[in-house]
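Two complexes follow with subunit A in common, the first pairing it with subunit B and the second with subunit C.
For the complex of A and B:
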């Protein structure tokens, strides 16, 4: 099946609330996300209003995660009052377009804490 | 029986020796080429100045048979026979001007610019993000209508630094999101493997290398400049200028040789083949770029006289009185250049002497012919 165009095929209602969110494409065990704008009350499986970018959460051979953002259109939809879902807000925060999302900081220090704990555990096992 | 064995043994040793010497020869040749890139002064202002562009285009010596030749039949499903038409003079003129226009498009020279500088600007540092992820995030702004070189491409590293990407990453991401036809994400093996490149050079597929490099790299890419530099030097060493002539790469080749003070071989070839006017053009090119000639102004003055004349594709066969005047001036100018500025004085002097004798005979023949036709 051919992909729908980036301009989207979903029906557009001017007054309804919009949201910019990740929409899972890809297949089993291989996630790939489109960053799209759609109506808030619409399911992710339904057609979107417009695609604004893409996000590949699996690191490639150089250990890089690729994110594409159509900043021009994102600004347009933000100006129209679109809501931004937390994962997209995190990505935009990392890119320097938004302030860094608090959840990013939370994930970072939680990761650091588990690493510290693991190290301490290894040390304890090594000494005993 | 033993005699035959001895013979076989001896042939083996001979064969072995042959291959050994060949191997040495190739490796010696490989070692002798050291690529040089435009990393000092910026060559772009000189390359793009109108005077230099005109001289380079003229030095290309476009031969339409070569410019419009069929190179591949990849886009042509059926090879068609040529069409012959009867045309009036006006129609012929429009056809010719169309041909000149399309030739100009085909012969557009790849630009010669300074090598790119590494990008190093840190946008922000956030140590609180250490541990967020172990891989780098690459963000590309895919806004419509932005040129590849102005596209916003940045990376967030595992240590929380947000910085602009370097050129290799930019090139890769531009190719991922906005693919260019013919360009590959990874360098083709021809360019990454010196053995393969060397084999192409040995087979003198210069135009192929240069065209491929043009597609694969930007002109300010250090790899592009290295590759072209090696190819130009190989062409120069083997005197195979004719393979590059009438292609878009001859201008940059001439510019490269002039910029690196090594036009002597090209000059010698021009004098030997008897295209004396282009030799003067080459002189004035050196004057425009390096400004180190004794009689530089004389040669630049001659350029305006040479440019309106027809392009010489081979040695002149018949000369008019105006041609004789112009060519004598050119020869005098060249003589001074050879005595004062040339590094191959004796060889170029000999070649010029040879041309002089040939030209003297040509003058006699042409004048005799004119007399015989009753025009003198």
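For the complex of A and C:
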């Protein structure tokens, strides 16, 4: 029996809850994600309904993390009441489709704080 | 007892429990070394907590609005699709269809004319190519026949000397009368001396000459 396509089977239960989430498709030490809509209670290894984009978390030669989004279909599934998982919500927030996710703000200020602390420590070590 | 490996690596669900790869089955208890481990709670300051609460509330409110907006949009689209199936719109659609069919036919005609022209050119090219190939083939055949006839002529000329049952006796007599000995001796300079009884001439002279040279 052939494997179900990673781009989605297109078959779904109308009443069941859907969720838009990241599905890991890379291999060992090389993460790569599909942004897919699937049933909320399904495992990530199971066939998805539809692929809505992709996310490459490893920076390429231009130091970019590439994200592809099919916004038309995302709008469609949001209209149908699909849930959005936090990582996808963050990506959509950074892309300007959603408001910026609170977690993005949180990681940003925490990163800033650790950097400030590191700088202060360096300064103290330099002066002593 | 089914081995754990079989359960983890199986493709189709044998039992209702489905295990993710690299994970232990759900019925495995907590590891003995981890029973009394209590994970540390994250420490969040009061200030940060309030800020997170505020931005989370804002986010949730905005998201609710966005969700409602897309839902309403979808409903609007659905209703517009429904209204599209009314009589008036059906008539409009039929007209549009007619127009499209006419346009398509025109385009088809254009393309057919182009195709016919192209086909003619292709056919001419093909004919030319075939004729050329046939000519080449003919030439090759002619050459072959010429070569064969030359060979036949040569063999006919040679056939005068062939040994036939008629002159077999004479040939045998001639062979017996003139025996040929193919044995030969060879000297250092590569001279051949045919026959077993051929006297070797100037043997000493030659040796002397070699000695004086060296």
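Rule of thumb we're sticking to: the second predicted complex is superposed on the first by the 119 of 128 C-alpha atoms of A that agree within 3 Å, B and C clash if a C-alpha of one lies under 4 Å from a C-alpha of the other, contacts with A are read in each partner's own complex, and residues count from 1 in each chain.
Following the convention adopted for this analysis, a residue touches a chain if its C-beta (ideal position, glycine included) is under 8 Å from a C-beta of that chain, and two chains touch if they have at least 3 such contacts.
This one's a predicted model, so the numbers in the text were calculated from it and none came from an experiment.
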{"item": "Touched partner set for A:64, first subunit B, second subunit C, both or neither", "value": "first"}
{"item": "In the superposition, subunit B vs subunit C on subunit A residues touched", "value": "B"}
{"item": "Subunit B versus subunit C as contact partner of A:80, first or second or both or neither", "value": "second"}
{"item": "Touching partner for A:45 - first (subunit B), second (subunit C), both, neither", "value": "second"}
{"item": "Touched partner set for A:105, first subunit B, second subunit C, both or neither", "value": "both"}
{"item": "Contacts of A:94 with subunit B and subunit C, given as first, second, both or neither", "value": "first"}
{"item": "Touched partner set for A:125, first subunit B, second subunit C, both or neither", "value": "neither"}
{"item": "On subunit A, positions contacted by subunit B and by subunit C", "value": "105"}
{"item": "Subunit C contact footprint on subunit A (complex, rising order)", "value": "43, 45, 75-76, 78-81, 98-99, 101-102, 105-106"}
{"item": "Contact set on subunit C toward subunit A in their complex", "value": "18, 20-21, 52, 55-56, 58-59, 62-63, 66-67, 70-71, 73-75"}
{"item": "Complex contact set, residues of subunit B against subunit A", "value": "123-124, 126, 128-144, 152, 154-156, 162, 173, 176-177"}
{"item": "Subunit A residues within the subunit B interface of the complex", "value": "53, 59, 63-73, 91, 94-96, 100, 104-105, 107-109, 111-112, 115"}
